[in-house]
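Heads up, the next two complexes both have chain A, just with different partners, chain B and then chain C.
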Partner chain A sequence: MTLMKSLMGAAASLALTAGAALAEPALIFDLGGKFDKSFNEAAHNGASRWAEETGGSYREIELQSEAQREQALRRFAEAGANPVITMGFAMADPLSTVAADYPDTKFVAVDVTWLDANNIRQIGFAEHEGSYLVGMMAAMASKSDTVGFIGGMDIPLIRHFACGYAQGAKAVNPDINIVANMTGTTPAAWNDPVKGSELTKAQISQGADVIYAAAGGTGVGVLQTAADEGILSIGVDSNQNHLHPGKVLTSMLKRVDVAVYEAMKAGTDLETGVFTMGLAEEGVGYALDDNNAPLVSSDMQSAVDDARSKIISGDINVASYYENDSCPALSF
Partner chain B sequence: MEKMPKWADVVLIPLISLFLAAVLSALVILGIGEDPVAAVKLMVDGALGSSYGWGYTLYYATNFMFTGLAVAVAAHAGLFNIGGEGQAMLGGLGVAVICLFIPWPHWSLALIFAALAAGLFGAAWAAIPAYLQAKRGSHIVITTIMFNFIAAAVLNYLLVNQLRPVGSMDPASARFAEAVHLPSLHEMLAPLGIAFSKSAPANVSLLVALAACILVWVLIWRTSLGFEIRAFGKSEPGARYAGISPVKITMIAMLISGALAGMMATNNVMGEAERLVLNSTEGAGFIGIAVALMGRNHPFGVFLAAILFGFLYQGGAELALWTKIPRELIVVIQALVILFTGALDNMVRMPLERIFLAFRKEAK
Partner chain C sequence: MDFLTLIQVLDSTVRLATPLLLACLAGLYSERAGIFDIGLEGKMLMAAFFSAAVAAVTGNVWLGLLAGIGSSMLLAGLHGVASITFRGNQLISGVAINFLAAGMTVLIAQDWFQQGGRTPSLIGGGRFVPIELPFAIGPADAAAAGVPLTQMLKEAGWVSQIYSELISGHSILVYLTFLFVPLTAWILFGTRFGLRLRAVGENPAAVDTAGVSVVGLRFAAVAICGVLCGIAGSYLATALQAGFVKDMSAGRGFIALAALIFAKWRPWHALGACLLFGLFQALELRPDVLEAAFGMKIQAQFLGALPYVMTVVILAGFVGKAIPPKAGGEPYVKER
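Presenting the complex of A and B:
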């Protein structure tokens, strides 16, 4: 512990001597911040795991403003950081101009798959496939035949989550009632647990007894209220089952931590290109551990695992919200 | 009632406030086990030590000049415009409409019309609260702050459903055409033989902001309209007695204020992002309040305060990049400066006034 502290102190003082060229990886967190219990925290966990295992160090920044996106990319690239790992689709636009200026630096873009550059490793996740599975579980666990969805900010990515979830629920029970709400329309919606709690209560009054939160930090409030009110909830991105053992049905895992860990491990030998991490690649999935084992019956598990293999084999096609900006199972 | 000399009011009080904020910030940095001297050095180096740093400092400062002027103009009429954020968002929409749908031959023409559209959209957004205040007495603080949320919702709806290119996941408009690219300071200074960092976002709209500072000064202190605005702000019954229409002054002051806030979009939307993103204003509308407070509602003061806040933003970014100081503490440092220069103004002013008065009595 003390060794760790002095090591961190040394790293901090090293970091203060800015501008030194070191081929260490750099990690750029999105505006949500690295302790959002969700997307960015998964990246933080992956990076910490790499640092612990290898004893390596990395640079990081939690963005505070839009203008800092390009700034952070350029500053890290100029300081010799390699690879530079970015979180979130909003980095796509700055990356599209910056990456070409630093051909010897490798960039990693999580949640970006559409850029045209040969020094970017672009990693997309098939969130709709994972959401489909937890949607099935929600429909099976629901006694009221009403399940809820609470999204963070109303953007296409979150509709993408909701759409997969609705399809999964309807696959189990075509008549199921799906209540879907978005927390807000500003980035503050990612970090508003109080509003998340209010929405949860509103959905409970509409009959929902399983609620899936895809809302970053707001989801903490959803899970809390669901546990207090005695209904089930579903976590997102990281495994959130442990937050309320026995009250969280499962979590839709998006293995950002694995993506970041592997990128850091590969270092400068990183393979670039576009990678999609779906069910087959174990990039998404549902969480099963001691905390939720009593909630998941063997029927449920076998049905979900069956659907999982059918999605991988192509027998089940989960429609993506992006394909035509609409969802067959849910209207927004 | 005797007063302090003007230089003490304008120069000494802000400097003492800044000093106090700096001391407290240093204690905060010490408290988390970092070296405050190194942190300050990093901030100064990063924000003012290179043309790269200046480029970012001036970029932020340009935003704050527009929103600071917006708050200042309204304040002269006794109106507290907290809606700069929403007005600037709508200004961004105006810029986006102009830049996306009209094929401009040259950036200069596009800038003129984009600034006009930004001003128009911003003014239109301020017009509704202004009308409600003037005609219905709905308090401007409440209505403008609520309009910020409506603006965010309008922008979100338009970006997600209308302006977003098909297949894009980012709630943002398409990129503007190459022709409307505003020259950055690098491109402007290169012909003069001055090397300026290529990657910094400061651009020609800095000159627009400076022009706005001068125009606001002319308006407030050199025109009869400015006199009416100030008279109304000092005393509404007095202004009414002198034949000044409260409805007219409230409307005009708020329209000008909204237009100034809206014109910020020439910098952040047209100059930097070159597309409309959801989060484009990033609180600059609120920072404008602090800038106007610190600048004593005078355009030159706003100019200086805007540079200071630009420095804090860029310096804060450098801290975030090269130290382990968490970003929440960087916000704390920025907040301390706002607290001392804005809210706690009287804490410094009153003792200082007493000291000055005591000296004056001795001199007699």
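Presenting the complex of A and C:
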């Protein structure tokens, strides 16, 4: 047993030293998958940009089940990948145990900000600020004074999105009616476009004519049905305006690609700690391109840009669901 | 809650119940013939992928439907070979089919389209479009009048509301599905084939003694199951949605199994069970309606869990015992 242990230990340390020489970054995608046209795809885009610019290579894995989280982390750390970049809030628990076992490896956690470890770069996004802006646009584009929100899995992060959106919509029109639904309470809620479609139809029958989808793969169904039924939708995370040109009002951008790109660029010299990317850091924003230019009037754009600079300067304070555990503009 | 809201919820019920009903009838044929099939989910998923893929490539949704049915029948054939010819465990074969479909669809999709396990979005002739029945108020009328469709329906009479919202405006597969219910009832209880099919699930030895092929009948049942699951999957991907997304069947095959037990393996009851479960799913999407109806906030998740709870209650024998076909799950071994 002891011999076995020391043999395995030797093998592990060999693997570590061999890997350390390579030190290529590793990227762990969350369950939504690399091409979810949203959150994970943004990470993929950032990593590809880094690989193209530097000619470097990186390792990656798309998680298929909850059980793989810790396994994937340990495998990359054992193989000497550095930094190891993880996507999504669900990596917080495995990271908190694994990071301590590999003090020389640096980890990056996107959407995690509450861990206590000195080798993790924790990146949070001020999604409520970005959502506030698209909420304003939704309220200005709505003719029925009813706007909708469809979330994926019912977790604090998605409520955080909804809360910012509701505040933005109310800032434009205090009497606006906001219909908010969550797709489900299990990870399957990220990949149920059929339910997304039905939710969209249900919200349309309640009068909604602009619907914001923060629901991963489920959002594909929301955007599709909104386009079919002739109402506007708002995409999330990546720029989704091109999915249905002229039918997607805008997309709330969460620059996960920038976060991943910068982490890979910094490599092993990565600065650890907790970072928040808000409007000021261009970590969140709204998308404007040829596909949605006809939908965004100049009034709308100037109002939103004005609000943006006021949020950055602190004149407008967007309440965060995380800090209050409740939302002043929307009850769940 | 006004009358139109009720109609809208029922309309949503019909859409959500259709894939359940198809899968439930598919399971009905298979299990009545003595082949347990928990691979309904996998067959639906496979059909969803191939129907969307072929429809995307050819631009013809009918070819997509054919491909969906074909792929589902292939999996059904696999289940048949494993559990009829080789007398394997039917549950294990079903589980294997579910896993096979979940993995293969994404793998093939990635290799074929390079869009991360999706198919491209279907446009034009690649989708089943809603059929507007004559005299129904549809989106075209609303556009012509320049008012939102909901507004126009609100002003119409209740007969028109039921006709325009609930009966009209579904894809052809929905109407077909509802025709399958009387058809299935007639086949099972009105034809010689149906009698033999039911007999083979209760007492295959007796069927064999009468000189009828047990293996042939069971394969026929499994094939019908494949066809119906194929239509169910195609409906998900090409009528409700415009393309395939990984795992898009989202457990509907399992809810259909629950509905099958709830209906005690009878076609008309299957219709009722699927509509009931569809209604739960539709109500889950309308918390505002629930709140108005009951005067308090009801957790939507509770409705999502209800089909399973009700099935357990039925299985436990509290409300009318559900007795499966007697020879279900047992491979038939000819006596020598």
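Basically, the second predicted complex is superposed on the first by the 311 of 332 C-alpha atoms of A that agree within 3 Å, B and C clash if a C-alpha of one lies under 4 Å from a C-alpha of the other, contacts with A are read in each partner's own complex, and residues count from 1 in each chain.
Basically, contacts are C-beta pairs under 8 Å (C-beta built on N, C-alpha and C of every residue); 3 or more make two chains touch, one makes a residue touch a chain.
Here the structure is a predicted model, which is why all the values come from computation and not from measurement.
A.B. asks: Would chain B and chain C fit next to each other on chain A once aligned, or clash?
C.D. replies: With chain A aligned, chain B runs into chain C, so clash.
A.B. asks: So in the superposed three-chain picture, is A:G221 touching just chain B, just chain C, both, or none of them (first/second/both/neither)?
C.D. replies: A:G221 sits against chain C, while chain B stays out of touch.
A.B. asks: Under the stated touch criterion, which partner chain does A:V274 make contact with: chain B (first), chain C (second), both, or neither?
C.D. replies: Neither: A:V274 stays clear of chain B and chain C.
A.B. asks: Considering only touches as defined above, state whether A:A319 meets chain B (first), chain C (second), both or neither.
C.D. replies: Neither partner.
A.B. asks: Quick one: is A:T185 in contact with chain B, with chain C, with both, or with neither? Answer first, second, both or neither.
C.D. replies: both
A.B. asks: Have a look at where A:G33 lands relative to chain B and chain C in the superposition and call it first, second, both or neither.
C.D. replies: Both chain B and chain C are touched by A:G33.
A.B. asks: Does the superposition put A:D93 against chain B (first), chain C (second), both, or neither?
C.D. replies: first
A.B. asks: So, does A:L115 touch the first partner chain B, the second partner chain C, both, or neither?
C.D. replies: After superposing on A, A:L115 lies clear of both chain B and chain C.
A.B. asks: What is the contact status of A:E66 with respect to chain B (first) and chain C (second): first, second, both, or neither?
C.D. replies: The answer is first: A:E66 touches chain B but not chain C.
A.B. asks: Now for A:I155: first (chain B), second (chain C), both, or neither, which partner does it touch?
C.D. replies: Touch partner of A:I155: chain B, not chain C.
A.B. asks: Looking at chain B, which part out of 26-34, 134-142, 224-232 or 314-322 clashes with chain C after superposition?
C.D. replies: Superposition on chain A puts chain C right on top of 134-142.
A.B. asks: Per the definitions at the top, what is the overlap between the chain A residues touching chain B and those touching chain C?
C.D. replies: 33, 185
A.B. asks: Considering the complex alone, what residue numbers of chain A touch chain C?
C.D. replies: 33-36, 41, 144, 179, 181-182, 184-185, 188, 191-195, 197-199, 201-202, 204-207, 209, 217, 220-221, 224, 228-230, 243
A.B. asks: Can you list the residues on chain A that touch chain B in the complex?
C.D. replies: 8-9, 11-13, 15-16, 18, 31, 33, 59, 61-62, 64-68, 70-72, 74-76, 89-90, 92-93, 111, 114, 153-157, 185-187, 322, 325
A.B. asks: Show me the residue ranges of chain B that touch chain A in the complex, using the header's touch definition.
C.D. replies: For chain B paired with chain A, touching residues are 33-35, 38, 42, 46, 56, 59-60, 149, 152-153, 156-157, 160, 164, 166-172, 175, 199, 201, 268, 272-273, 275, 277-280, 282, 313, 316-318, 320-324, 326-327, 330-331.
A.B. asks: Note which residues of chain C are touching chain A in the complex, please.
C.D. replies: 5, 8, 12, 15-16, 115-118, 121, 139, 143, 148, 150, 236, 240-243, 245-248, 250-251, 281-282, 285-288, 300-301, 304
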